[in-house]
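Across the two complexes that follow, chain A remains constant while its partner is chain B and subsequently chain C.
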Partner chain A sequence: MPEDNPADEDVLHRAAIDRSVRLPVLFFFTSAAAWLAVSVVLGFIQSMKLHSPGFLDFPCLHFLQYGRSNPAFMGALVYGWAIQAGLGVCIWLMARLCRAEIKNPITLIVAGHFWNIGVLLGVLGIFTGHSTSIEWLAFPKAVWPILFVAYSLVVVWLFTLFQRRKPGEVYISVLYILGACLWFPWIYLTANVFIHVLPGSPIAKAATSAWYLGSMTYLVLAPMALASAYYFIPKILGRPIYSSYLSTLGFWGLAIVGGWTGIQKFMGGPLPAWMPAVSGAAVIFAIIPVCAIAVNHHMTLRGQHKLIESSPTMRFTAVGAAAFTFYCVFSALNAFYPLGALTQLSQTTMAFQLLAVYGFFSMCMFGAIYFIVPRLVGCEWVSGRRIRFHFWFSTYGMISLVAVHFLGGLWQSHAYAQFDVPLENAISAGRPYAIGASVAWVFIIASNVMFLYHLSLMVFRLGRKSEQPAMIGHADHTG
Partner chain B sequence: MSDELQNHDYEHKTSVRDHGSVRREKQEPKTGLEPITLSLVAACAAALMIGGGYLGAKSGGFDFASTTVNGYVPDPPDIEIAAAELSELDKYLAGGEAVYKATCNGCHQVTGGGQGQIPPLVDAEWVTEGTERFAQIILNGMTGPISVNGKSFGSQMMPPQKGSLNDKQIAQVMSFVRHKFGGVTDIVVTKEMVAAAREKHGAQANINTVASLAAADSYLPGEQPEWLNPEPAEDAAPAAAEPEN
Partner chain C sequence: MNSLRQFVLCLAATFFVPWLCLIVIPHVKMAKAVAPETWVNQDLGTSQSFPPGTPNAFRRGQEIYAAEGCASCHTQMIRPTYLGLESWRPGFGKEGTIEAPVRTRETVPGDYAGERFAYLGVQRIGPDLSNAGYRHDAAWHHAHLYEPTSVRGFSTMGSFRHLYIKRKIRGQRSADALELSGEFDPGEGYEVVPSETAKALVSYLMTLKKDSPLPPATTPIDASQDAGEDVKKG
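Entry: the complex of A and B
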């Protein structure tokens, strides 16, 4: 056993903190994982429906048509899985980093229940045909106040916890968590008000919706995932993060440009030209914080890249962080006309959203969950093999999904741009790729069913009672 | 159940040994103070410049009215779109169609087929034959028993239109109805003809009955317009052009 350990007191204190957040964090993790399972199944179904509408075409399953299964899938993925997993991780990190045991987990549990009820109503609403058909805001109009209030409760709770922090450095992860806390209610409220409550011109609605997608990615998903990466990379290495200047640059850079992104999607559209231009510039400027973050992580890891091999947390986090960098660089390239025109209105949208939600966000969350859960339930992950299975199937599934949708989208857009051939050609041009995507979905389903199963074993305390963590390679450190 | 057991364990045996995973882990992360490297500064500067240039080039001067940016909208290949050339006659009839839609549609229906006690216009002798009585019907309305295409109508009234339509509108709608529903396609009714009808019947106070209408062969006097093909005959144009039967 490596005993590079601080005083026993410290250990007991951390254990006490973990114990105090156990219920809410496990609640968020398990419901998130359940939603993830639902959403990947829906993801597969909507993907099948895209190229073979006859799939599962029974009268009693009419609600699985593409027009409903697609928004239901996205809703379950983003609100059911992503935000809930993010909140779970944020709560745990916040308690650890504020070095404070928490007093009032009931608020969180109540908020969590409301959130789940909201998502459930939303998904059922979509299935019964009440979708608003706006990307990522497809839940029926009545649902957003529930989600808004539930999230705000968690925010208030996290801020109270922050107020009670023990003296000491405010670590960079805390900043990201506070950021995600404040930005989500702001973005969510603004988008819903301008789309559902006080709708302006349809063009303004479209712009708001595009802005919502961009801001959600840059200001909510990214900060949550980065909070986790910033914590776990130095934690597992046992060395400080490389440079506080880079951390600060990365955080504030993202904070400044994040809220301007999104509308570049409509470049060349009937909007005032400056709107897509500002968003395009914002995703280009975002390269600055992204570089800072990537360099910071990379330099922290220097010489220790072998750890990525063995520690599950490290491995998921590294892939997630790499996907983040890739996503941002790619978005910036996309802001330029020749590429942007080809990726605007086709399957590539799906590639981008999956890269963000699954590729970088979820991977970071998986990493965090693999670290946190053993500390909450007091037993170890049952087997490294299962974790490895989850990792490889997720990674390969995600890469092929993104690649297939991206290439398919390019091909499709190219066909759209042919003025003198029938539109049908463009649709059939995307078809082989859509079929490929369905195959990739099978991988993702497999990996996440395994994950859900493994997590349930842990939650029901069926894990290994062992001193030895579940490792996926050979190394003598903690994971 | 097992939840409580676990808690129980924690509370009563808080020795370090029980917290395997927590004990194993390294200290909480801290922040180092390495400086930002020069190459990163350079990369940032490059991103700033590219982004700034992008903004300048595409923002269209932050003008709300400017929506297109050079190069964004691809030039469509040269496809000749033949603008449909409307003849004078088409335009004239289109004007009539507009009047019909605004005024007559609600009763006689878009098809001209009528409904219930409202008689049809399609192939009706009141439409195809003498233009004077047609103009009278529009100017002063119509009531009382009337037989159209062999069927009898009479329980409803058609209101006078002389107050709401001017001569040109009446002329156009008559031409349109005659072309579309009556199959009379070689001549039109002009506004001069309607003016003559108004001159003669405009002061009439009562709504028409069949008895107050002019004879079936009474055509309004006036020339066919120059743009109409074939060129109309010289003097008593309408009467001459209309085959007498």
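Entry: the complex of A and C
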């Protein structure tokens, strides 16, 4: 339980812990931020290519065509930005919650370098024509062992830190972090070995790739972001989580259903029909833990909603948590035929992936970064206005991006279903929405340029030297 | 959770079950199910087998299909009619009229036998390609890949010009040079020829006919004749 004990000794101890994790956490944050920059630019390019293939269509830039830029964008976003930001937050949270100064940050730095090299090779590999075209696994085959080893190093490190923790109850965030630690290597290894290494049925491989997406979202991205939400919401409010029973229920519920999700993507496809059916059921059952989590967060916040306005961390986390609930409810609705038939093979897929990775995960990470970085570099965010800008542009950008892709997908599938009209109708149905998506991308780029600029000021210690944290309203909190 | 070991065991147990059921068992079971089945077609009096087997051009072509990311825009999966009427439209290669369409059947696992990975697909920015082999000839595919708008003015597919070579005609014009007209004409004395990569890709596209007859027992009920009984088998 993150508790504020005003005793000086405690404050000093926390500061010492922060100092000890500074190097690795900042390393992960800055490299994640660099990948975020790459991925928003690629995101815009792939979005433009979707409706106007003539955009940037020079012979020397042929590799930017949608078929390569889209997987490259997803790779940079998920592995470059999301997982690295997640690891940075997990390392910091783990050190805080175990109340242990860390030793041996070099392991983390080495692992971080390997991870970045892996992602770089992956993205370059896609651009140079070695993509595997498998969603979220499009990096060339040779890359996955690098990523796997790098992540495993971090896992070993986090477990060692956990073993050195000060006695006391284990907080829910730690469970989520340990979960993400175990699940990712298992999921990633399974997917890559079964798809890339073992010979076998192409259909079973396709099912595995769909499962990979589901499991990654429910068992890797969600736990990392929830660990952060469970820490920061009570921390900033200065009161404990509403119900530890609901926390536990939410965690184990997610653990039980998470591994079954994903294959509903191919319902009606050439797989044994029970596979998508089971996944569909799992996505529907996931509503139970997700409600437990949402109610728990909401009840913790009750009466204190004003803090959402004043604290940047709170704001981003609240939007992220809301996006998570939204994502899970919509995934459940999609598991039913009438809606699923329209969404399963259309632009809506993009809407869901972006909602999960940007709307939910990244927003929680932004929140955490706004809290953590000042404590590592010893100065405050320069201006509340920039944070507000980042927040509003990200939120509106994301909402419109998800909305246009979602509606565009419905409309597009509807047009394809009319088999008696010319093909042209079906093709052009999705186009206006794709154009809308590019406009939304401009907002997201703007918001992230602001964020990256602000973050680099902090990293170069050009922030405000002040005791007062940057607030975007009037309330106050310290950490 | 009191001890780390207990926690890890519980976590592993909860994840092991779906892992076993959705990944390991299907992989083991499906790996065995590829042996082709042979039977005698009563109407034609010939022997047929399913899966029919894939030509050699296939593998290399599919690698290029993956490398170029065609799967980001195209699917290869025909769903049963209760999910969508996507197995026929005018110009989809198979005969038929709007009143009496001749539908290709929905895809079944055997259609993908011999592939490296079944590119069922992500989203349908372009049409489904499971049966693209019925629709066009190789020359059309080459012109289309070189410049999609040259054959379909409304196309939003990007050009794959980098798979083609533009060169000066030496002596005779090559037999496989693309027929391009209007603004896409390479100009007097020049020709555009497909590279080996483009040829492999197009031969792959020409093999895409995921519609070969199924052994009698597993033939799905023809949905176009009896829309009430869309039972999915297999």
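Please note the rule applied: the second predicted complex is superposed on the first by the 468 of 479 C-alpha atoms of A that agree within 3 Å, B and C clash if a C-alpha of one lies under 4 Å from a C-alpha of the other, contacts with A are read in each partner's own complex, and residues count from 1 in each chain.
Here is the rule we go by: a residue touches a chain if its C-beta (ideal position, glycine included) is under 8 Å from a C-beta of that chain, and two chains touch if they have at least 3 such contacts.
Just so you know, these numbers come straight off a predicted model, no measurement behind them.
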Touched partner set for A:8, first chain B, second chain C, both or neither: first
First (chain B), second (chain C), both or neither touched by A:417: both
Chain B versus chain C as contact partner of A:230, first or second or both or neither: first
Touching partner for A:337 - first (chain B), second (chain C), both, neither: both
Partner chain in contact with A:285 - chain B first, chain C second, else both or neither: first
Touching partner for A:130 - first (chain B), second (chain C), both, neither: second
Which of chain B and chain C A:67 touches, first, second, both or neither: second
First, second, both or neither for A:271, with chain B first and chain C second: both
Shared chain A surface residues [contacts with chain B and with chain C]: 267-268, 270-273, 278, 282, 337, 341, 417, 419-420
Residue ranges of chain A in contact with chain C within the complex: 49-53, 57, 59, 62-63, 65-68, 70-71, 126, 129-135, 138, 159, 162-163, 170, 175, 178-179, 182-183, 186, 190, 194-195, 198-209, 211, 219, 252, 255-256, 258-260, 263, 266-273, 275, 278-279, 282, 337, 340-341, 344-350, 409, 412-413, 416-417, 419-420, 422-424, 426-428, 430-431
Touching residues (chain side chain A, partner chain B) in the complex: 1-2, 4-6, 8, 10-12, 14-16, 18-19, 96-97, 99, 169, 171-173, 230-231, 233-247, 249, 267-268, 270-274, 276-278, 280-282, 284-285, 287-288, 291-292, 295, 299-300, 335-337, 341, 374-375, 377-378, 380, 417, 419-420, 460-461, 466-467, 469, 477-478
Contact footprint of chain A on chain C as seen in their complex: 1, 4, 7-8, 10-12, 14-15, 17-19, 21-23, 26-27, 30-31, 33-34, 65-73, 75, 77, 79-80, 82-86, 88-91, 98, 101, 106-109, 111-127, 148, 152, 154-162, 232, 234
Residue ranges of chain B in contact with chain A within the complex: 2, 6-7, 9-10, 14, 16, 18-37, 40, 43-44, 47-48, 50-52, 54-55, 57-69, 71-74, 76-77, 79
